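Have a look at the structure that comes next, please.
Here the chain labels run A, B and C in written order, and each chain numbers its own residues starting at 1.
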Amino acid sequence: MAIPIRFEMSTLLHVVEVGGIVAFALSGFIEARMKKMDAVGVFTVAFITAFGGGTLRDLLLDRRPLFWVEHQEYPILVFVLALGATPFLRHLRSNATEKAIIYADALGLGLFSVGGASLALESEMPLFVCAMMGVITGIFGGVLRDVICNEIPLVFRRGQLYATCSFMGCWAYLALNMMKASETMAVVTGILITFILRMLAIRFDWKLPG
Amino acid sequence: MAIPIRFEMSTLLHVVEVGGIVAFALSGFIEARMKKMDAVGVFTVAFITAFGGGTLRDLLLDRRPLFWVEHQEYPILVFVLALGATPFLRHLRSNATEKAIIYADALGLGLFSVGGASLALESEMPLFVCAMMGVITGIFGGVLRDVICNEIPLVFRRGQLYATCSFMGCWAYLALNMMKASETMAVVTGILITFILRMLAIRFDWKLPG
Amino acid sequence: MAIPIRFEMSTLLHVVEVGGIVAFALSGFIEARMKKMDAVGVFTVAFITAFGGGTLRDLLLDRRPLFWVEHQEYPILVFVLALGATPFLRHLRSNATEKAIIYADALGLGLFSVGGASLALESEMPLFVCAMMGVITGIFGGVLRDVICNEIPLVFRRGQLYATCSFMGCWAYLALNMMKASETMAVVTGILITFILRMLAIRFDWKLPG
């Protein structure tokens, strides 16, 4: 889902992107394993979790080539992770790893969301649609993961704010963009707002009203 | 899902369109609430119910911009309805409102189906495919709603005729079109046939054989 | 899902294609019936099983017209089969028919997979993506069938090798293609490898490790 944002992507953003993909893929591994899927299922669910949101966005915006087609190394990375998932997953029990995944997921959510909004803006979508495309990029991988695994999507159940953080981050990016801030500034602010809101929501158990 | 039909859309058709979107979105609200989703889920499910069929048709026909991208006011309408859904839903208990929803849904089904068939014809699809695109536009919002809500799609279970009414309305439209009737005449007839069949199916409990 | 492969399609391949479509559609009929769907559900699920994989591939590759739009006779075939499904299904109990379906399904899997890989190659996708597109074409009809029927996709559960056979067949095709073998040779080899692996997996109960 992450995306060639309009400025030269810094090494830092690239690290965030890989981290986000791994975090998203891991959540796919874990859910597929819980459903007792075999390696084919584990790979497919991880792949859909990592790239489903961006793929849906590209279908809606009619953008080609798709992100993961241009970057063949990303699906191969998920493939290799899936082949080695079982021993890998054993190490996930540690507290430190769990924390790392939460951070990587929140950063990935920010990057993918803001990146999606940025691409929608580039395609000259109206503002509200740009924000929606950002949220779709950020959350629909997880939605498709849950649909395939025969669960009601986690992100729609009354949990700690997730899509809302993505929505706020996208609007922050769009607002700065309207105010003629530099693209770098707008992207970084949008990602940080998503990330910080998500961390606060986890820390203080913020939820939407029922 | 509704669509810029080929003739200047009259005020009446526009009212039917908004009524159909609201009726479809409401069925999304109700199912999302029954699944105890939060506001994010309620909005997304309502949005998918209202616009999913038309979006799938546009993806299959490769039409852009999507209906709801061109008419940003429609997703915003669903968003505002979702924010205010809870108090709003309380009023739905009344018999009069329930009846209004049934009428609006049947009219929406007619408009979206015939509109979908009309767009497919414009894209020079073969006739049977035009009828299928009409039915897809009319019913797939509800199908996707049920898939996301982890239910077998209502429209596939043995209930009162629904997709069949849409199919008949589309063929009526296509037949009149082949017979060189005016577009307005063909569209209005197609919508009315869908609507009347649906009303009769509810009234007399018409079902397909098992 | 099957596809206008790059060489003049021989009568034999055409027979395999129709056989594959019928086998895929039948698995849709059977699952829809088990879920007590009516004729609308039976047709839709059969249609999605037969054409869902190829449609998803065409959306991802941005190819139009879709396979079943170009060949209107195929959806009509599924429609006619769905109308006559109930008496038809009764005859499926015989051992001979069950065996015929298993053969037709395995051949269809081979043809659709290799055809998908071939189309992806034509669209100049990277190699790993070509193999993925082949597998998507071969298996996603069944995945969508199970999602609509509210089941965890069969192909992801720990059963006899299925997607793996498709993956191997696609790589055999791609390898021969890289080695400048004739397209006919590469396609036929890819289909045969998928078919033989699948037959061996059923015969010897080959599964992926858990």
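Everything that follows uses one rule, which is that contacts are C-beta pairs under 8 Å (C-beta built on N, C-alpha and C of every residue); 3 or more make two chains touch, one makes a residue touch a chain.
Every value quoted in this text rests on a predicted model; they were computed, and no experiment measured them.
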| item | value |
| --- | --- |
| Self-contact between copies chain A and chain C, residue sets same or different by half | different |
| Cα superposition of chain B on its sequence copy chain C - rotation in ° rounded to nearest 5 | 120 |
| Chain A and chain C, separation of their C-alpha mean positions in angstrom | 31 |
| For chain C, residues that touch 2 or more chains besides their own | 59, 62, 147, 150 |
| In the complex, chain A residues that touch chain C | 32, 35-41, 44-45, 55, 59, 62, 64, 66, 68-69, 72, 75-76, 79, 147-150 |
| Touch list for chain A against partner chain B, complex | 59-60, 62, 125-129, 132, 143, 147, 150-153, 155-159, 162-164, 207-210 |
